[in-house]
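So, here come the structures, one by one.
There are two complexes below, and they share subunit A, which is joined by subunit B in the first and by subunit C in the second.
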Partner chain A sequence: MAAFSLYPIGYSVYLSLHKEVLTDPLKNPFVGFQNFSNVLHSYYLVSSLVSTAAFMAMAVPGVMIFGLLSALLLNEAFAGARILRVAILLPWAMPAVVSGIVWRWLLNGDYGLLNSALYQLGIIHDYIPWLSQPALARVGLAVAHVWREGPLAAIFLLAGLQTISPDLYSAAAVDGAGRVAAFRRITVPLLRPTIVIVLIYETIVAATTFDLVYVMTGGGPADATSLISWFAYAEVFKFLDLGAGAALAFLIALVLLGVIVLYLRILRSEERR
Partner chain B sequence: MSIETLVEGVTTGRLSRRGFLQGAVALGLSMSGAVALLEACTSGTQGTSKADLTFVVWSYGVETIRDNIKKLEAKVSGLHVNFQDFAWTNYHDTMVARFAAKTPTDVCYSSDHWLSEWAAAGWLSPLEQKYPDLNGYTSDYFPYVIQGMTYQGKNYGIPYYADTWAFLYNEDHLKKAGISQPPTTWAELAQQSQQIKAKGIANYPVILLFAQDDPGSIEVWTSMVFSLTDGHLFDDSLNPVFNKGGSAAAKTIDWISGALNTSKILDPASLTSQEIPVVKAMESGAHTFTILETYNQAELNKSGSGPFSGQFKMAPMPGDTHNTVGYVRFYAVTDQLTKRDTSVIKFGDDFLQYFGGKPDGAISPVVKRWAVENGLGFGWKSLWDDADVRKAFSTWGNPDMLRQNQQLARSKEGLTKYYPSWDVFTRSELQKAYLGQVSTTAALTAIADKWNSLKKG
Partner chain C sequence: MTAYIGSRAFLRPAGLWAATAVMLLFILGPILWMLDSSFQGENELLTRPSHLIPQQPTVANFDYIFTGTVPQGLNVRGTLRSRISQEAREVPAALENSAIIALTVALVNVAFGALAAYTFARLKFRGKSLVFNFLLGTRLLPVIAVAIPYYAIVSALGLLDSYVGLILVYLTFSLPFTIWFLRDYIISLPIDIEEAAQIDGCGRLQLFLRIVLPLAAPGLAAAGAFAFMSSYNEFLFALLLTQTIGSQTLPVILSSVATNPDASLALIATSVVLAMVPPLIFAIVFQRFLTRGLVAALGKG
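After this line comes the complex of A and B, so read on.
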């Protein structure tokens, strides 16, 4: 426990409070909160927060909607449902690096499959450089993220759906409730705890997305997909500033903690109602 | 640390005899027991010392490297090379992680990009420290090769290969467009591209390697800057000059932005195109002009590379001076190797001589092999006298043109310990300017501010 959790955290705290620039190996003075201040005044903070917020605004609802619709579908009894429940997990089971390469290839502006398909269908007349336009690259990244994360959300929500007794739906039907009313009055309230857990998890995953960015876009074009977690990586491995990297990682964790507390408070206040 | 680790360390030469004894005693062995164990461990290797040498590279020609290693191991008794390779675009970050974590690394590929950073961090060792004999070859290197391997006046490597950034074009496209000569200026390139576009030969006649995550992208841009009058980024005191009004850098950005957004002769996919996608796109005939590392002309023209194999020619970089970037990728000795046993350091010498020096009085067979088989450029001026090299280069290019490009090549400017950080920042700022998100002046001001702040430390 100490080796795998406490030591790394403790060492990160140490790094964040010292000047630890690898190209100055002999100068490591204690600098207090200077690294935190540097990060808060960095050139990338505002732009990367905007990029991260834009990404989360697309990715989290995308994953939740995809997950819920898939779970509702998979909760129905139909031929091949069991196979589909396993198959749907494949994108999630795929390493993020592979997913990134696949999507980079699919969205390539010169020879991507998406362009080829759209062109052959007559929908476009010129290939679209999906990942070379900042706005399109952000959307492309979010779509790839939903494709990868949606299945896991679907499985969690499916598990939640399967704990709801079918008798409740039968009783509702006897009372004259339609499918929509049953969904609103039975499914949503009973699924709410699962939804909140999945929402918290997917918010954390979206806010800390790094691997997909690294492989798919490298943060480009023009930093459009350089999310805040990308800069935590860049501070350490590209700018060689371990102190700033550790400080930024702590700030990200702090913000996420705030978001999680907010979600839980909302959940509790709704439960009280 | 366990006894097994100590035994492995001392038998492979990674741990000194003293280190072994200290470790064994710390683990509870008596001194006499530790000495006896040490003798048992090393008795079989006395006289014919055995050691592993960890060699780390970026992934290119991996099978050729393995074969070269096999040949060296057959030649040098007792040497075993532990070989590892990583993707080029991730190489810098991977090596930073390795060095910071002290992962065993004895010899590695490095680039002029990163030398100052890695040397300042204490990860690399100058050749004079353990391999002064390898320092004697520099008089036969091209100037940009020497500059690219020098940090604080000391030489840190021997060339793996050294090349230039070259302006390449598809001659078939030019003929179809009725153009007899390749462009000699950037204005001519724009005009010829529009002609080609108008005739429907290529929708985007120009593609450039500008992916934000490819370290080559800064070299393409720098080559374009170098090709112009007063094509400099810094003065002699490393103060930025690129941010002055009408600078070569500003003209270059304006040209790229115009080509991308106004005349639409530059493929927008350039902003995400790494080296291999650019090569593949050129091979397919989708584009007419590009700037690539010279060795890619061999790749483009090799038999079976595509319908335009043999049609890819090189011309001097368009512009006024036709200068371009010359760069060197080299074998670097890590600080870790210099701390190993004398026998292992000797193996390091054997390795470096074979891979990049003069093992038997003649230039390394490995350097020559890369040139002949892959078209990789070289750092040695005298290798141009080699008939095999000239013959091989003639099959895919014009040796006189290649040589001319080497003479026009200059090392990148500003190669300091903060150059890699500045480079990462600069690549994204340049993309913002290309896309028109910020003005050329604003981008260059931000890039200069970043440089000055890094310089200040």
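After this line comes the complex of A and C, so read on.
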């Protein structure tokens, strides 16, 4: 079991330090950090980092806000919550590929439902090719991502909400605390550990998004949605450069680790205050 | 459980229902539109504005996928539409592949995961945070990084394009999570019952089968559902490790149906609707267990 999960990582390290191009299979010399340096100097590095950052800047807060609002709603005692609890599982239960297909269709510039709805409501006078414009395509990709990933965040946060003892709220009510005060003083601090876990998990998921790009935009238009993991895929499966692909993957992991450490720092310094 | 919920209503009922309506529209709208579209003909789907209510509802799309009778709407568009046809017709077989693979992964996860988790939970075991960090750490690495090594291993074992190859890979991804999750779940169970049973002369194995398993059932259901979903939805490895419809899973077939530039909208919608059936069943059946299982696991987290 351990071998099956550790060996691939070791093999990846090996690949990243050797020249491994499938078009030239017999020459695999040790090249040190050459692959890393090549990746860092590649034509796509800056643009893909910008695309990934732009996508994450919308996708991660989107997922968190959607998750938090839905969790609060799901935690209420009314019939709607019971319907929502089943409904919200559906997007998450679908393959990301399905989310990509569905949203590509909804946002289509010729026959998409969003255009149709906006047109019939008189908000737009002409169909808009959402996915053909770089900025809009990024928003569209982020919306599709929130649609599929938000529900999982909601379920985790709901579980977090339900671990908070109702006695605390009763006690707060006895002490004359209002709803807002109870939310700020009880819900937020006690939910924080769950929020941190979900935030870290969703950051990783957003940063390594691949399936959605593959079916929804194919990286376009003009590389606007060519996220960094898309290039890791291209290095390996289009350019057949296994070494560069592995090196790029490790660089992504390194950056992610940095982001997560930053999160934890900020959260801890807030706790101290 | 109900005592927890709504101990403090945050919004007024009207606000709650309005928020629920918006949420349901966002969540279910896209799904319902696919369902709607799967009963429309190709020409109707291309009209502006779209028809929310099919003018000429038809089951021709489903008929095509299951029997191969070409829908009229597609004949009109000529031979260009022929490529999509082949791929869409593979949806039922892919559905079967996906179901077999995901169910096997879920069952193995529950069986092995429960045993391993019980051992971890009741044995003195330090370094829980280490395990958790390792789990998160392996997730940090984009799957592309380990894709090639896995390909090499599966290929060396002669398991390319087989159920077993995919199942093995999915197990390595899902088992660590299952064990971690179930361990926390089992720890949350009251130990008194087990101690009482032991005093009454109950052996370790009997204890596990008769006492722990029934108590941990919601957690097992949740872990099984997670394993099922993650295998059912996985795309990249399925794309790499399968080559023929003998083992290709649904996401692979769906992506080839949908990324074909000549794709027939009606058939895409119908394929998507068919792909949604198993997750739908799972969501409805396991909804209660998912949150309950998570509450218990997080409570001790």
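As a working rule, the second predicted complex is superposed on the first by the 260 of 273 C-alpha atoms of A that agree within 3 Å, B and C clash if a C-alpha of one lies under 4 Å from a C-alpha of the other, contacts with A are read in each partner's own complex, and residues count from 1 in each chain.
The rule is short, and it goes like this: contacts are C-beta pairs under 8 Å (C-beta built on N, C-alpha and C of every residue); 3 or more make two chains touch, one makes a residue touch a chain.
Note that the structure is predicted; figures quoted are calculated from it, not measured.
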item: Which superposed partner A:58 touches (first subunit B, second subunit C, both, neither); value: neither
item: Partner chain in contact with A:142 - subunit B first, subunit C second, else both or neither; value: neither
item: Which of subunit B and subunit C A:256 touches, first, second, both or neither; value: second
item: Which of subunit B and subunit C A:22 touches, first, second, both or neither; value: first
item: Partner chain in contact with A:218 - subunit B first, subunit C second, else both or neither; value: both
item: Contacts of A:244 with subunit B and subunit C, given as first, second, both or neither; value: neither
item: Touched partner set for A:110, first subunit B, second subunit C, both or neither; value: both
item: First, second, both or neither for A:153, with subunit B first and subunit C second; value: neither
item: Between subunit B and subunit C, more extensive residue contact with subunit A; value: C
item: Common interface residues of subunit A - those touching subunit B in one complex and subunit C in the other; value: 110-111, 127, 218, 236, 242
item: Sites on subunit C touched by subunit A in the complex; value: 1-11, 13, 16-17, 19-20, 23-24, 26-28, 30-31, 33-34, 45-50, 136, 138-150, 152-153, 168, 172, 175-176, 229, 232-236, 250-251, 254-255, 258-259, 265, 268-269, 272, 275-276, 279-280, 282-284, 287, 290-291, 294-295, 297-299, 301
item: Partner subunit A, residues of subunit B touching it in the complex; value: 89, 92-93, 96-97, 99-100, 117, 120-122, 203, 207, 211-214, 267-273, 277, 280-281, 284, 286, 417-418, 420-421, 424-425, 427-428, 431-432, 434-435, 437, 446, 450, 457
item: List of subunit A residues in touch with subunit B within their complex; value: 22-25, 43, 108-111, 126-127, 129, 131-134, 137, 217-223, 226, 234, 236-240, 242
item: For the subunit A and subunit C complex, residues of the former touching the latter; value: 1, 4-5, 7-9, 11-12, 15, 69-70, 72-73, 75-78, 80-81, 83-98, 100-106, 110-113, 115-117, 119-120, 127, 147, 151, 155-156, 158-160, 162-163, 166, 169-170, 173, 179, 182-183, 193-194, 197, 200-201, 204, 208, 210-211, 214-215, 218, 229, 232-233, 236, 242, 245-246, 249-250, 252-253, 256-257, 260
